[in-house]
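Two complexes follow with chain A in common, the first pairing it with chain B and the second with chain C.
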Partner chain A sequence: MNLTMPFRLEPVLDEPRRGQAAIRLAVGACVALLVGAALLLASGYDPVVAYSALARGAFGSMNAISGTINKAVPIGLCAIGIAFAYRARLWNIGAEGQLYFGAFGAAGVGLFLPPSTPPVVALPLVLLAGMLGGGLWAFIAAALKAYRGVNEILTTLMLNYVAILWVAYLVTGPWSDPLAYSFPYSAPIIANAQPGRVFAGIHPGIIVLVAASLGLWWLDRSSRLGFNLRVAGDAPRAALYGGVNHRTVTLVALTGAGALAGLAGAIEIAGSTTRLQSGLSPGYGFIAILVAWLAQGRPLAIVFAALIYSGLLNGGFALQVSSIPPATGTILQAVLLLCFLAAATFGKYRIRRVPASQGSP
Partner chain B sequence: MLNSRVTIGSVLVASAAALCVPGAASAEDPQAAFIYVGPVGDAGWTYRHDVARQCIEAEGTKTAFVETVPETPDVLNVENDFLSQGYNMIFATAFGYQPFTQQVAVANPDKYFFGITPTIAPADNILNFYGKLWDGRYLTGMVAGSMTETNKIGFVAAQPIPTVIAGLNAFTLGARSVNPDVTVEVVWTLSWYDPSAEKQAAVALVENGADVIAQHQDTPSAVQGAAESGAWAIGSESDMTSFAPEKVLTGTVWDWCPFYKSAVDMVKNGTFEPGEFYGGLDDGTVSIAPINAAVSDEIKAKVAETEAALASGSFDYWAGPIKDNEGATVVAEGATLGIADINGMGWLVEGVSGSLPTK
Partner chain C sequence: MNPELLLAAAIIAGTPILFAALGELLSERAGVINLGLEGTMLVGAVAGFAATTQTGSAWFGTAFAAFAAGLFGLLFAFLVITLRMNQIVTGLAFTILGGGLSAYLGKPFIGKPVADVMAKPDFGALADLPFVGPAFFRHDALVYLAVILAIAVSFYIWRTRYGLILRSLGESPDVVDTLGMNVTLLRYVYVVVGTAFAGLGGAYLSLVYTPSWIENMTAGRGWIALALVIFASWRPMWLLAGAYLFGLVDALRFRMQIGGDALISPYFLNMLPYVATIVVLVLMSSNRSRLKFGAPAALGTAYDRERR
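Entry: the complex of A and B
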């Protein structure tokens, strides 16, 4: 009996045109909204109320927009780091931990600088310390990969937990704020290292995110490093033959990814929380993996994907404000993501009916 | 690819603009919004706040809630969204929301905000609240101390913060007031909501010889762990009797309904005052769950008598001399402790076996 499916996914060989991709994703979004509406109706909620709440929480007011933009910054920066490492086919699952270790570095500088340090010195120092912290944390996994061949997926994943617990130790122990009644907070970093909100509640982190995105775009376009990363990732032997040192590439790719995640941690502290705290990131480093994939690693698409995803997260809270249970929000997010991914996949593959006699084994 | 992202983004923005329906409420018409740190189904801290929310809703105040909000800048988004929907009273029911609530409160001086004490981020329109939970703990300690046969009581505690420490100390003082041989062994889970760790901690304490397990956690998991191991249990936050009817001796219970009602009245009548509010046994914010039939009438009478004395203020167990569990005198003869001292409490009283973690 022949159990093979009469359909087959075939790669599309010609490069799809941009207009087609847009239509495909729009169709994907519509399908997602329809499936979501059906689910909402089935569980007894009005889809119009739900979608208007989702949209209101994401982009419906200046407060919502600034909240969405501020949340997109750490997600987007981590995602750009993940995409950067993936240029060399390296999986960075450790953005969350690198974010925390970057935040540790940033707080280490921001808490102990003399309060009179001028803002033009203090803020860059804090951000730099964040990048150093995140980069250093990723460097551990990078060095193990480069010199001992240890799988970076495992090491970056495990190091997440170490970094999170290290921060928890600091904020309940040596760095705990004596004025916070033993709650897991450090004291605020010096005021001169806090940029505040530049425009209508938006902190300047978005500028850093856009700059990082343009940086990756430039790297892909016209830099030797970008080329080396891709060659070493796709064809290690060819890279070796061409004089590209795969160790250097591994170290640069992962450490760079860590530095970007660490920068995200520093921005969270300087721009949002003003202090190191437990629960600083509600999983931004993990969400970033999804965002990097959704955007298929494209630098500018990551910025948009981060904004949309962060809008979905904030919209999820607004659903609850409109008395729709939070699980519904999570289901809607998942349906949207699945449909986007399906739409993207159909851009690369097409379904072909295969006559039974020719079915692949 | 890129164009399509822009398209989707603009579609969302457009639909947001089209569908956004702003609500409206006047200051005389209170609408109360609640932000919870855990799920309403936790059967403890968050559950009790949600019961009280329903209590003011039943009296005609429009309410809404968002559950499982982390103590992060997400609080800003949630509070701003509530305000955009016409809610003018925000109850942010976790200590860690304070710095974010302060930002929103300062930007919205005509709205009213309520957080959990002790205050670290004040504003002219914030009234923080909590209750003298420790008084209830003293009473449950008396019950536990009278029921233990091994003279070892276990205590599953969340975080080593002053309110938890004060409750543990009061519990120990209560237990030793009826049974001076008692030691209270404490395990810190370092989490408010971790049902499996809470249960494990209770089981481990029983295996170590404790025959009564008390707790300061947001869920009844320690109660279940104790009951399954054959030990007595003392609940916390809500009446946890239903989780092990045979084994639950009593427990402290929060009732926020009186405070929430008074908060709504304050806004209605224009009598709101910023600052701090501490409820207690006297106004019903703190009470103890019905005492198990296995406890003798003599003890029940003694507990009732002490409860009345604490509520009226004629009895004060914080009166010195009190020693910590390393032998140092922490409250001198003739002295006592006020709210400020309790909010800074960083020592364990004599009779507690264990230490404060991470210091």
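Entry: the complex of A and C
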């Protein structure tokens, strides 16, 4: 059967200019908003009302802003870890599970420290335990990849659910809080490990996110590790001849990504929930993959993209008040992402008309 | 509890996973990994329920579920095959999109009873046999459709010319292209048919298993189906066995939650499919078994004829 398309995608070889990328993203956003508006109109809602409710819910009040910033922290931290691993062309689909296992580590320390532990000791210990937990969970997939060549996409994906179920087991079983009326909660961690809200409902996790983002930026610019990761990912043969140990790179890249996701879990516990609970994360680790991809792995863009995404999450709840289904926010998230991804594709390829005679070589 | 009823429950719990995993198998054999399975099943579930409510026919609802999910898959295919967008990221976005769309469209149907009961074939004397009857011969028609599909897909993949082409499509699409076949068109077909199968899995949940429409009612079955495809190392008949094995785990967990006298926490039972899949991945990782049982070599990569 001869089914040739009149158009084809041709790779763009010249270096893209920065301004073009911004224009493409803006076009992507507009298309997404139009698609969302069409959907809303088709089911009898006013898109202007919906979008303004969404924006108000995301950024319209101090309460909304602090919620958006706090939710951006776990998303952003997981995304920076994912971008870090992807420097070595390794996919970490397991940030969600690493977040949960980090939260398990953090709660393991935070629940059982003596309550009189001074805050300067307690909080770092809890955060460290979170990184350890997340790192350990990612290390399983890292070691399987490094020593047995097992596909890390599949192992990190599967490990997610094991970690989520492990936490669900703990908070309904051995660690369940007898005072929580059969909610799947643990008891709160000691008060000295909780930093509280430093400013208008915002917890200090945002500082950690910005620090992590700057850290990745520095790693890219001026560190040997950053260079080795990229070489191992983009030119494995060159890395081999250059003496970069591929196993070490794999272990460091994935374990580091896990440690950051675990840190996100610890921060969620110390800063937001104050206790281990099932449903700790509504898919932050998965959203982070999309955020990292959207930002094309750029450290500072990740922070920005995480804020937009958590704004959409946060604004989605506010829609309910205007009797518009909150699922609109979810749909808009996905449509926005797909439009951005398509926009990025048009940066890599240009559409060319294929003359009829050339249709089938 | 009775072993024959447990077996029956395992088959019922395994059926939606089997439909979805069969679809994913076709797609992955063609070289396209679809992580949007969970969202696709939800689209099928809501479409099937809505169409059954509108027409009063569960059969029509089931067919419509496959159609709607296939349409959803067509969009996915366009993005990852024609636009060559990254399959992993696009798939995850489709999980979110399917969850959002189904919740949005399904709002009027929450709490409504299903309008029609799926037919049950009459096996006559077979259904009256002790043990075998209640375990195997008293199910609804979709259970048997899933089995027939699995056998048909197995025959297709291993015994037909087109099955051979399908297998090469995932291993080395350039060979298929060299033979003069249209890689793009073939991948489109398998992705769309695959998502239609996943839609059937969703319809089974909302029309038979539950039966009603609940937001996010797949509850992770799409991910289990993804695990199952690997667990069965991309072989339809192993998939059939694996689906009922995972279904048995599900049924056991359900029984234990009701019974309350659990030997082992139901959470650990729920981990089993994922842990078993990782174990299988490790077992497959030696060089010799990787060739025989491993993932299709071109899985997850877009085909670009100018870069082969």
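Quick note on the criterion: the second predicted complex is superposed on the first by the 355 of 361 C-alpha atoms of A that agree within 3 Å, B and C clash if a C-alpha of one lies under 4 Å from a C-alpha of the other, contacts with A are read in each partner's own complex, and residues count from 1 in each chain.
Everything below uses one rule, namely that a contact is a pair of C-beta atoms (placed from the backbone, for glycine too) under 8 Å apart; a residue touches a chain by one contact, two chains touch by 3 or more.
What you see is a predicted model; the values in this text were computed from it and never measured.
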State whether A:G173 touches chain B only (first), chain C only (second), both chains, or neither. both
Would you check which partner chain A:L338 touches, where first means chain B only, second means chain C only, and both and neither mean what they say? second
What is the contact status of A:Y100 with respect to chain B (first) and chain C (second): first, second, both, or neither? neither
With both complexes superposed on chain A, which partner does A:L157 reach: first (chain B), second (chain C), both or neither? second
Looking at A:W137 after the superposition, I want to know if it touches chain B, chain C, both of them or none. Which is it: first, second, both, neither? neither
Under the stated touch criterion, which partner chain does A:T330 make contact with: chain B (first), chain C (second), both, or neither? second
If we overlay the two complexes on their shared chain A, which of chain B and chain C does A:A301 touch? Say first, second, both or neither. first
Do chain B and chain C land on any of the same chain A residues, and which? 169, 172-173
Please give the residue numbers of chain B that touch chain A in the complex, ascending. 1-9, 11-13, 15-17, 19-21, 33, 64-74, 76-78, 80-82, 84-85, 95-96, 99, 118, 120, 159-162, 343-344, 346, 357-359
List the residues on chain C that touch chain A in their complex, please. 35, 79, 82-86, 88-90, 92-97, 99-101, 103-104, 107, 182, 185, 220, 223, 226-227, 230, 265, 267-268, 270-271, 274-275, 277-278, 281-282, 285, 290, 295, 300, 306
Under the touch definition given earlier, write down the residues of chain A that touch chain C in their complex. 1-3, 5, 9, 11, 39, 43, 91, 93, 144, 148-151, 153-155, 157-159, 161-162, 165-166, 168-169, 172-173, 286-287, 289-290, 293, 325, 327-335, 337-338, 341-342, 345, 349
Residue positions on chain A within touch of chain B in the complex are 18-19, 21-26, 29, 48, 51-52, 55-61, 63-64, 67, 70-71, 169, 172-173, 179-185, 272-274, 277, 279-282, 295-296, 298, 300-301, 304-305, 307-308, 311, 314, 317-318, 320-323, 326
